[in-house]
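Here subunit A shows up in two complexes: once beside subunit B, once beside subunit C.
Up next is the complex of A and B:
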């Protein structure tokens, strides 16, 4: 019995090791390359971290454009996440707790909005932001990001709200709480893991977004980090090691968020997938 | 004697009187003045999209020149540096959203695709500048041909195109000649003789470098994309098969690098700068990097000295030196077309152009620019190559007709894909040519309904 278990464990961990290598190697290569010079990378190709130096990081941190784009990304992703969480809670609450005509259809429309590829929407969204005078601004970009972060958040939170016992809200109402009070004091504490999960996922989606940012915000002062990284490649010149340094810095906040909130994310995705 | 002095004085007077006439005309142009007033009244800035090119100094020079012009005009300006690599996406969105700039740098292919529906006709400025600066160089004249579909839609400001960079030291060690290869076959044999894998450092992926080199090779073997009328694709020929045979010879000899198919635009530059290949095609950025260094590469004067530059080789039928241009254009959506024309005139001035060309990797468009010292081989061999391209090069599409269908065929990397199917996909020459011919004809039919 013990031997069988041992064999199974070895098999299981071997598979896991292969998957880990597959998933972590790009990350490792990004970080390792970011500490090399371009000449070393091409003249002494190696997957091992050799000829290490900090030049790329110094260049990145000395670049005003990079710092500006970092601040822009933090602003846009931070505000979009906060607003998305608030709107998603209200939308998910309405779609699960309240009874009204067309509720199911509305729920499906939200899923469709969430699943529509950005490549189909970037032109209409660029036109809308221009028409409301919000092109080339962080406000415009935040508004655009809500178009996919709110459906994503709503979709995930619907699962959490469905998990709650319906009587909880009713009991609070009988005790004299308003809907908002019931939501705030009774329901939200119960779906706190869901809120964390939604916040992390929407922040990541907004943080990584490239296409909308590229076409809506042309001016250098309002560029976000993914666009700043893209713009490192000019004409037929691609400073790969510098790009890797920018990318490592850009990936750090998201990796940290995932590390801290991994339990909630797994729970959030499972609940959203099962109950949504 | 008196008569002679009087005659010289008269000529000098006429010359002086006529030169500022063009500028004065701009200054007193009522339409221009009205636009200045309207722009200032709106409280908005005049927007110009500068196509980011290699060398930050060149981009900054362009931006500074535009700001100086705006200051002189008394208007606010917003020169925005837009990455050339993303220009298509930016323009696609801006056209629909109505957020096109007032003027912009644009590649000839994209200009053709935008066409007269979206761009102001600036032929008068083209003619005026040609007259003022001693005429246009040959490569810039291609944009004035009556048969050119984009005639009048943009004013060229920089000629670009590929030069062959080759490692003289490695070739010498392999007992190969020092002079430049005349044919593609010869250059391939030289690369093979070095016994260095991937010595023929040309890209084979879906990338502009691959498409342009394959185009030059195809034409060298007598191939054509389409007929003279620019309506029917003519890829299914023996010449295309001969061209494919050249690529197969290179592939079987290991002359293409194993990662050539997954290349991006910088792949070949980095290979060369890293000393991993013998031949590449490059517009001058590699030499500039070797001499000045870049954000990621140290200076390498030794490699610079060991590098030979030459025009692209030819084939058994033809030798082409494809040159293309970047142009300045004014979208029809701009409320300030006269300001745009005035800016184009301003940026063409000798002083402005000299500062720009000194940092950019473009060949000169106007003949009066030809006297700048950096075009000399002794000063800068790569810029000398660009000068040669500007003054002697053929159009980027020669002998094909330059039209929107040709541009779309190229921007879809269809030649590269034809080669990839043959070299890596296991398709026969007949199969891959048939597929390319079919795709090509569909594109040409779209434009010739």
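Up next is the complex of A and C:
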């Protein structure tokens, strides 16, 4: 019996090691490559960080376009998240606590909007933003991003609100303007973890978005990070190691957010998909 | 109650009286911002797209109504047919891979392991990495000259040449599929881990008394226990995988020779060539499949 357990343990940990290499290698490789020079990549092909230098990071931080795109991404994702959290709290509150005509239909529309992939809507959204003169502006991109941050936030928060069954009934019994107070003073503190996970998930969704920004914001001044990184490759010139440095910087904020808020994210995903 | 107030009540709000009943007005006020967003950026674009797909609209040109011509044109376009088949192959392979890897790793991390909490956190890495970053890194891994995969395969002696994984028709699709699986499986693992934990321990204890082996426990307790979660995760993830524009666009751009061209990339190419009507039809051709999944998900959520 003991020997069998030992064998099983060796088996388990070997599988775990293989899994971890597969899972972590791309992250390691990105960071390791970001510290290398383009020429050494070709002269000394290796996936080890054979020459450690900061040249790529220096040129990233010295590039006005890169800094601009970093600020653009922060602005777009930050505003889209803030607005989405406010709108979503209001909508999710109404959809779970209030009883009004057409509530179930609206609830279903939210889920449908949440599920509708961007690949389905990017064409009309690009055309519409152009028609209202909002292409190539951060405002236009923020508005378009609300199309997925608001349904995502509402859908997740409905799950969190539903978990508060008892408090909900109590809050529902209060009348009139005091209901807003009940929402503010009683319910919001209770779903605070939900708000954190919604904020993190919507922020990362906006930060990571590529397709909309590719069809709406292409002028140099209004590019977000993904478009800026994509534009580093010009014709045959692909500055591989520089791209990895840009990518590392672009990935750092959301990856940190994920690990700091891991508990909230896991809860958010599970609430959304399982209980929602 | 006096007569005066009675008539007032009856006549004043008239048809809008229902609005002031119960929570109606308050409800609509709270929903107003979300409804506004949904109308402007969901309902209206959808309508605009459906309408455009029946016109020969191009960028800067409103176009005229041409009926089903765009759709007929697509069906006669071998590139479109190829993209549709590629989408089916791509999504199926990715989903099978995510299921196997997602469930396998969940079962592994369910075991008693030293440092389990840390491993569970680390498995989230691909999901935490922005998609556009992840696919740029995979593109570098597959690079024929300096990429890690070629270096590794040469070092262990499996190959003695350099393979251009992303520009070789044989390897491009599997290469993109693997990158997509890598990025997407942690969602499945997280969901499966939670579901596995919710399976009552007594069931396993009872099985142990009956002398069931590991496979038996998995087949008859774990698997049925997490079945509802498998279904919902499968459906949610399929809808988003159909949307995998960036996985393909950032690695192969749809090439070589359209070997990895999927419908979102096809539609994007059309838009870049200013064909709004045609690419709208191409994007909308995804609609029946997505709609079917959406209806299934709505039903499932309603049951819960």
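We adopt the following convention: the second predicted complex is superposed on the first by the 246 of 276 C-alpha atoms of A that agree within 3 Å, B and C clash if a C-alpha of one lies under 4 Å from a C-alpha of the other, contacts with A are read in each partner's own complex, and residues count from 1 in each chain.
Definition applied: contacts are C-beta pairs under 8 Å (C-beta built on N, C-alpha and C of every residue); 3 or more make two chains touch, one makes a residue touch a chain.
Remember, it's a predicted structure, so these values are computed and weren't measured experimentally.
Visitor: Could you check whether subunit B and subunit C clash or fit when both are placed on subunit A?
Guide: Here the two partners, once superposed via subunit A, clash with each other.
Visitor: Which partner does A:255 reach: the first (subunit B), the second (subunit C), both, or neither?
Guide: Touch status of A:255: second partner only.
Visitor: Check whether A:220 is in contact with subunit B, with subunit C, with both or with neither, and answer first, second, both or neither.
Guide: First partner only, subunit B.
Visitor: Identify the partner contact of A:42: answer first if only subunit B is touched, second if only subunit C is, both if each is, neither if none is.
Guide: both
Visitor: Touch test for A:242: subunit B only (first), subunit C only (second), both, or neither?
Guide: Only subunit B; A:242 stays clear of subunit C.
Visitor: Would you sort A:59 into first (subunit B), second (subunit C), both or neither based on which partner it touches?
Guide: After superposing on A, A:59 lies in contact with subunit B but is clear of subunit C.
Visitor: Once the shared chain is lined up, is A:234 touching subunit B (first), subunit C (second), both, or neither of them?
Guide: first
Visitor: Counting touched residues of subunit A, say whether subunit B or subunit C comes out ahead.
Guide: Answer, by number of touched residues of subunit A: C.
Visitor: Mind working out whether A:134 is in touch with subunit B, subunit C, both or neither, as first, second, both or neither?
Guide: neither
Visitor: Quick check for you: in the superposed arrangement, does A:123 touch first (subunit B), second (subunit C), both or neither?
Guide: In the superposition, A:123 contacts both subunit B and subunit C.
Visitor: In the overlay, one of 167-175, 203-211 or 239-247 from subunit C clashes with subunit B and the rest don't. Which one?
Guide: The one stretch of subunit C in steric conflict with subunit B is 167-175.
Visitor: For subunit A, which residues lie in the overlap of the subunit B contacts and the subunit C contacts?
Guide: 41-42, 122-124, 126-127, 130, 211, 214-215, 230, 240
Visitor: For subunit C, which residues count as touching subunit A in their complex?
Guide: The contact residues of subunit C facing subunit A are 18, 22-24, 26-28, 30-31, 33-35, 37-38, 40-42, 44-46, 48-49, 52, 59, 105, 108, 111, 113, 119, 121-134, 136-138, 140-141, 143, 145-146, 148, 151-152, 182, 187, 190-191, 194-195, 229, 232-233, 236, 239-240, 242-243, 245-246, 249-250, 263-264, 267-268, 271, 276, 279-280, 283-284, 286-287, 290, 293-294, 297-298, 301, 304.
Visitor: How about subunit B: which of its residues touch subunit A in the complex?
Guide: Answer in residue numbers: 49, 52-54, 78, 80-86, 89-90, 92-94, 96-99, 208-209, 264-267, 269-271, 273-276, 282-283, 285, 289, 294-298.
Visitor: Can you list the residues on subunit A that touch subunit C in the complex?
Guide: Subunit A reaches subunit C through residues 12-13, 15-16, 19-20, 22-27, 29-30, 33, 41-42, 45-47, 86-88, 90-91, 93-95, 98-101, 103, 106, 108-113, 115-128, 130, 143-144, 146-147, 150-151, 154, 179, 204, 207-208, 210-211, 214-215, 225-226, 229-230, 240, 243-244, 247, 250-251, 254-255, 258-259, 262, 265-266, 269-270, 273-276.
Visitor: Enumerate the contact residues on subunit A facing subunit B in the complex.
Guide: The touching residues are 37-39, 41-43, 56, 59, 122-124, 126-127, 129-131, 135-136, 211, 214-216, 218-220, 230-231, 233-242.
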